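In the two complexes that follow, subunit A is the common piece, with subunit B as its partner first and subunit C second.
Showing the complex of A and B:
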């Protein structure tokens, strides 16, 4: 028996809605992964790191070369890329941020901008400006979950990002090193007074953050193309999420990232893509009017 | 006394001798003909960086060929001075001003994206010989000036030819567009909506995307839900284009993909994997053109660069080829009235075949239908 016309229309819309939600959650998880490292660096080191996107880009390139030039399996390449990005973070911290620790925040911010330019242009010189495609094997294969289609890559992003976040949560809440991070974030001088080596804490926090950025580049990279300036896009998304969720708050980054992804998908799907681009900024304005420190933001001295 | 006088004299003479020697060598250098300076204003950073690189390489290969033959105007070599317009209109203008005022160039080649070209042309209005390369928007020449030339076909010229082919050969029952949100994209939607509706193809919808977008799943999901027979992709830069073509397949779309005219290149095919197989497009250039200048240019290009010679590079090359030939024939690199008259006054044999300019400086060129077969661009008859 044929369905009445308007009921069939409503059913179709429901499927479309489901698909757009799935798109939004998939993109959102990518944003969460980018933002968590950024918010961690701010919370613990009090650094606004403009070069965060460059580590995303490096993660993508390391994955590309591991797969293309060394024939490594994609998943292993992801792990290698995250590790290498973390190591680059260690070097960056040693040569850029540690010597400037005592300087004004603005100087550190500028130096991170300089680092970003250095890494972006260095990559263009080293790797070339031509876009590169990371062969992941999961990128084109699709999976049907009911009426909704997602690529295996986006499912992978969801799964691995969740695992990474679980690890970060465990690390911060349950390990000694994580507790040292919390202490340093809450009160740097107080933490130092209790015997915590804050330089050391800064170093491994930065490594963790850059490894997360590299991981996100390795995972999100195959959904599009890799090119030297993609870090600019990544850091912009990261900052949008972090401002919405609150600087220094990891749960804020998670919720903010998913919120941004879903809002963009629904805005782009039902209004226009131009609106989708603007919606991140609209969200920032709305959240900041409501809560100036972001949804879960820290005011000085507290960490959520 | 006498010995120190002698020493002083020796030193003076030596200094004088060295000075004269240097002076003569400088003089000899000064007597070599000054180069013809052509500003190459290309996107070298930002979203269009790779396309800019291809364009620049095309120009450099052609300049090398001309210089190897001895240059023009009695031994003057072509020198390309590079500027980065970042794909942005304001940067294009500022680069043009620097080229004209500071570096005193003899000609400007640029305008790889319509949005940039439309603004840049004002900075050269009636003062500087300006070749626009791949920009397709008709206003570049319709609202151009007496020294403005554009080598690519306009999007209107391309859509006239392409729509006939889509209507007669591809014959989808319905079509949906995904277009870049700028002057070029908006004109594309207008043209094809009109032309395809005229032959009975239902236009189901259009979605604009932004210049810096990296994910199109939302937009493509929306288009797919309209259930068109074909999706027409208007993508101007290689990275975005490849992403769109891949993601079309990833959203589960089973219909025909139609690639916009003038945007096909080997790198796009490489990055898009199998999602471009059997897809059609329109181009002024195909690797199997069988033309001695084209063959020479491709050989030189492959000697100099790692990339494959592409359509966008051929436009840069043709610009350099025509500027050099016209200046040589006019006998003057700076009398732009003369050079313009020469350019508009005859048919030219170039690497893209025989062509001419109309009185607005618009190139009248051959347009070829092309298809991607087994990863290679081939001409379709």
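Showing the complex of A and C:
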């Protein structure tokens, strides 16, 4: 008799592992969306945007209000939220980053820090400090994939995030605008000399990055709560991923994000929830001792 | 130089008699907070202003200093007067580890790395409930005291003088540092690392030295802060805390000694003045800070500098050629 029981235990362990992995990948995709935006803005504009998490928060709130106040279907609300977050990004770029293009990187970092304080506290004023729960209709429904059970929301995060990333890949690699972005990232002056309007490139890069952050907020929102300071959490996760993957590398952001999501899920499942909070930092230290520039980072070029 | 010495002495005298001039306890309390923040901002200024690297993890050192001192004095019976020393020792050691790992990168990467290390330290303090009591914080921290002297340091006026001595020592320390060999090495590394290296300056060691010193100083300031307020929570190490101290240094003027002190004053006063705006407080604060950064990148001290340069130019114009 003991033998079959043990075998059953082993399969249970295996199912649990699969469960943790599935959750980890879904959370990781949320991180990837945040981190890709951060790394795009750094790569093209050379800006470390501290306010990036605020756009995640805005995406969550836009979805909440679209669903709750206007009764829009959740999926449409997600699209609206991503669009509006992108538009907020456009405004932010115009007022907080474009005037400072020629200044020292400190100043730009601080301007983004100011923007972050402004957006976080402004949202607290407008939306209230109490956590909001986004009703998506997918969060409670589950789906069985073999023995592993995932909520439909997590599946939705995975599918939509993958589509968004595929779009970003296509946009950067295949379109004229994407090639202009690459040129600007490689050499801003050279790009300008060939007739590329770098200000325009900066603007739509910022819109794309903020829309991705907004999309992440809209998708991840229903699995957690939305509150004004959630942006601080989001930007820290984004930075963790970007440091692991390497600043300026999109594939680094993708792999780093999934790695962080999975590591957190496994750490939380097998060790303790408190440890899950810290595991990203453990990853950072390990990766940095091994490769100071991050897994896929290239060493820093000329200092502007 | 003579003019400068008189100015310094004058400011020193004014600062020394200030709490006697302002009778109200409320203003005296604000003065103490200003002094503590001034030391804290000056310590960050070593990294931001002199080494030229943006450190986003500095609040963690302030917090660790406060926690070290609080835990040692409340649980292990360590005399309060040695609290700042122990705090400086512990934060200096942690600063050495953090600096060793993060100073290998520069610029934005360094900023993000220090932010991550700051978050690690915050997470440890926030989650290690058995040792730090986590988000509940530590209460009933004994007030600062000196051996053999019976002075009540819960009084803001008395504490102010302790803090003022700390500010004076720190300011003089920064002044002496910048006059000496190490300070010049800092500037050389900031302005042109390749050239500095070619002159035989060990860049990594120089930066690490500055980083450790700044961490230790922040720890000592944190210790005094804990003994003055008697309650500390991990919040002081969070992102808001980081933003606060960076704002002080930048608004005042990085790379100067008076700048961060002015920045600390502006920060303390502004938050009090904006208290009247209620929920708009942090919003208007963020807006003011951003405006200051956009229109006055050199900080408040740059207004004074510009003014001095203009008068100097005008004087030079009057005494020499009218229109060259």
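Assume the second predicted complex is superposed on the first by the 294 of 304 C-alpha atoms of A that agree within 3 Å, B and C clash if a C-alpha of one lies under 4 Å from a C-alpha of the other, contacts with A are read in each partner's own complex, and residues count from 1 in each chain.
Convention: contacts are C-beta pairs under 8 Å (C-beta built on N, C-alpha and C of every residue); 3 or more make two chains touch, one makes a residue touch a chain.
On a predicted model such as this, the values are computed, not experimentally measured, just so you know.
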Clash-or-fit label for the pair subunit B, subunit C on subunit A: clash
Contacts of A:68 with subunit B and subunit C, given as first, second, both or neither: neither
Contacts of A:277 with subunit B and subunit C, given as first, second, both or neither: both
Partner chain in contact with A:162 - subunit B first, subunit C second, else both or neither: neither
Contacts of A:182 with subunit B and subunit C, given as first, second, both or neither: neither
Touching partner for A:151 - first (subunit B), second (subunit C), both, neither: first
Touching partner for A:251 - first (subunit B), second (subunit C), both, neither: neither
Partner chain(s) touched by A:16 [first = subunit B, second = subunit C, both, neither]: first
Touching partner for A:42 - first (subunit B), second (subunit C), both, neither: second
Clash with subunit B, by subunit C stretch, listed 130-138, 166-174, 202-210 or 256-264: 130-138
Footprint overlap on subunit A, where subunit B in one structure and subunit C in the other make contact: 124, 274, 277
For the subunit A and subunit C complex, residues of the former touching the latter: 42, 46, 48, 96, 99-100, 103-107, 109-111, 113-118, 120-122, 124-125, 232, 236, 239-240, 242-243, 247, 274, 277-278, 281, 284-285, 288-289, 292-293, 297, 300, 303
Interfacial residue positions of subunit A with respect to subunit B in the complex: 12, 16, 19-20, 23-24, 26-27, 124, 128-133, 139-140, 142, 149, 151, 223-225, 227-230, 233, 264-265, 268-269, 272-274, 276-277
Touching residues on subunit B, where the partner in the complex is subunit A: 44-47, 49-50, 52-53, 181, 207-210, 212-215, 217-219, 221-222, 225, 238-240, 242-243, 246-247, 249-252, 267, 270-271, 273, 306-307
Sites on subunit C touched by subunit A in the complex: 48, 54, 101-102, 104-109, 111-113, 115-117, 119-120, 123-124, 127, 238-239, 243, 246-247, 250, 254, 279-283, 285-287, 289-290, 293-294, 297
